[in-house]
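To start, I am sharing the structure in question, which I have written as structure tokens.
Chain lettering (A, B and C) follows the sequence in which the chains are written, and residue indices restart at 1 in each chain.
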Amino acid sequence: MSTDIKPAIDDLVRAVEATLFAAEQPLTAEQISTHLGKADVRAALEELQGHYEGRGVRLVERGKRWHFETAPDLAHLLRREKEEARRLSRAATEVLAIVAYHEPVSRAEIEAIRGVQTAKGTLDVLMEAGWVRVVGRREVPGRPVIYATTSEFLAHFGLSSLKELPGVDELRAAGLLDPVDDEMIGEALRPQPVETSDEPPDTEYDE
Amino acid sequence: MSTDIKPAIDDLVRAVEATLFAAEQPLTAEQISTHLGKADVRAALEELQGHYEGRGVRLVERGKRWHFETAPDLAHLLRREKEEARRLSRAATEVLAIVAYHEPVSRAEIEAIRGVQTAKGTLDVLMEAGWVRVVGRREVPGRPVIYATTSEFLAHFGLSSLKELPGVDELRAAGLLDPVDDEMIGEALRPQPVETSDEPPDTEYDE
Amino acid sequence: MELPPDLPASPGGDDSWDGEERAEARKETLHLEIDGWEGPLDLLLDLARRQKVDLRRISILELVDAYLTYVEEAEALRLELAADYLVMAAWLAYLKSALLLPKEEQPDPSPEELAMRLQLRLQRLGAMREAAARLMARDRLGRDVFLRGAPEGLRVERKARWQCSWYDLVRSYGDVKVRSQPVVHMVRERMVMTLDSAIARVSSMLGITLEWMELRDFLPPAHDAWTNEQLRRSALASSFVAALELARTGKVELVQEYTFGPLRLKALRS
């Protein structure tokens, strides 16, 4: 049906295109290569990325994984209302930002920055969304668990790597991403004064 | 990233491309049109179809519904086979040996020689391996299928013909037909039998 | 006096997937709803923002005043303040008084340094809050951009490459042949002393003597057929069972001084 003259497309490029189109998950270059019998797919990926530039679909790399996605400027045509329903709380978005900009971080470090205790569920929500995971323990007394973001986080927010986080360079230059020091953690975790409001209401009383 | 000169792609074409890409089901032209504010999408669909011709992915219309699919000549990429070395089970090895020594044989004959029932899967494995095949039916009641070895079988075992398999006499000479020493097992495992112990001891007797 | 910028964490300041509307509501009822803040640092940050200057240039004194005013108002309205707000208020009051002292009388660490640290903490929190907002406003997968709706999926099918050696093949045939050979079981006749004859022999010998006799003494003398070791073992075993049987029926007394020691018997006269 097509009548225009097109350069014959390389078989490897076609294979990479088909593989990524068919894949249910973003794939690393190594996974694609393995799938295609160990071929070197770097050049093919770049050619494809160039080919799709400006089209309704584009090829992107997110945390070393490649996938096709719709062009962001078409969002208004494609947006699905139901996806909007699930919004993160302010606490959860803040914790997510802190993990992304400071990773890996412990819970105590997150709390030191926020100045409040982080409810148990907040990190769970982020882990359930697949954006945050436990990446080990900090080798300090108590060996606290430390958290970092995942490649799904990068994919979801359209970042190739953490270097693309909004304003990350300026924040680092201003010293606002410096590691949280012990003093700060100490302040945040100082034992709390007993709060009377935490006690169960007194239900027994005489007339 | 791309530097080649491409004609600017029509916004409607981009929108149709993205819509079809993100759709979970094939869409009719009317559905696409409705989704994109009643635009006439016919021409856009045709242009897209032309664009994808020869690529790893193509746009197809089936029963008035449009969808993207992997190019048919690349379908093998979606279902890639991976070979793994696996050792033949003891039962399968025995059946294979019987077929080789007695071919052509029916399943009933194999079972009679082995003295055990042969699971259906065992012959399937040998046929999958390419070592055994069906060569016809025995002209007896029930017309059972009969099996024989293949040339791949000979090749795998480095034989030029089945005559090279050692005969029964040679097996015996090699000690492969020696009955397992019953007496040795008896000595090792059995308590010395006391023949009289089978009889209930006579407890009543007179002086 | 040492009072560090104590920012105790307040519990329950979090909720999971909803908070947006609440933040909106809070702005309108700022002076009433103290529970809406996620701890004193959150309140301080908001008050700092009201100065409408860069967080790096906020006036700490002004900020302290605003916070203290806020807390006082809340108390006037008899709102119950969480303890950490009061701790923060006390510390800020201390910081203010220290800042107002002449330089030479200021305590260590210097109030300027404490103020700077507080300012840095507000900046850090402010930065993260803005970063979170910018992150959330990005084109997000599943909301603004979409993956392929119906991917075919990639599948790797594992295919077996069967292995079998010539030896395994031939050995298996040998096994089959051996297994299918007709099996004939021969039971060899053995020479044994039966229990009956042992009982007869032991009781008759006990009738002769009243003395203790060792079990081995009941065995036939080792000549002729009785030199056969298997037969002697059989005779010993049968004599032992005979001795037990006679003891059970009250005809003999049985003694063994120690484990594995000689077993001796004597007839019981009734």
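Here is the rule we use: a contact is a pair of C-beta atoms (placed from the backbone, for glycine too) under 8 Å apart; a residue touches a chain by one contact, two chains touch by 3 or more.
Chains and their UniProt names: A, B = SMC-Scp complex subunit ScpB; C = Segregation and condensation protein A.
Everything numeric in this text was worked out from a predicted model, so none of it was measured.
Undergrad: Based on CA centres, what chain would you say lies at the far end from chain C?
TA: Of all chains, B has its centre farthest from that of chain C.
Undergrad: For the pairs B-C and A-C, output the one whose chains share more C-beta pairs in contact.
TA: A-C
Undergrad: Hey, how far is the Cα centre of chain B (SMC-Scp complex subunit ScpB) from the one of chain C, in Å?
TA: 40
Undergrad: Which whole number of Å gives the spacing of the CA centres of chain A (SMC-Scp complex subunit ScpB) and chain C?
TA: That pair's centroid distance is 30 Å.
Undergrad: Spell out, as numbers or ranges, the residues of chain B (SMC-Scp complex subunit ScpB) touching 2 or more other chains.
TA: Residues 18, 21-22, 68, 70, 77-78, 80.
Undergrad: Specify, in ascending order, the residues of chain C that touch 2 or more different other chains.
TA: 146-148, 152-154, 156
Undergrad: Inside the complex, what are the residues of chain A (SMC-Scp complex subunit ScpB) that reach chain B (SMC-Scp complex subunit ScpB)?
TA: 1-4, 6, 8-9, 13-19, 21-22, 35-36, 46, 49-51, 53-57, 68, 70-71, 74, 77-78
Undergrad: Quick check on the complex: what are the chain C residues that touch chain B (SMC-Scp complex subunit ScpB)?
TA: That would be residues 146-150, 152-164, 166, 168-181, 190, 192, 194-196, 199-200, 203, 207, 233-234, 237-238, 241, 245, 249 of chain C.
Undergrad: Tell me, which parts of chain C touch chain A (SMC-Scp complex subunit ScpB) in their complex?
TA: Chain C reaches chain A (SMC-Scp complex subunit ScpB) through residues 4-20, 23, 38-42, 80, 82-84, 87, 120-121, 123-125, 127-136, 138-148, 151-154, 156.
Undergrad: What residues on chain B (SMC-Scp complex subunit ScpB) touch chain C, complex-wise?
TA: 18, 21-25, 67-70, 77-88, 90, 92-94, 96-98, 100-101, 113-115, 125, 128-129, 131, 156-159, 165-166, 168, 171, 176-180, 192-197, 201-203, 205, 207
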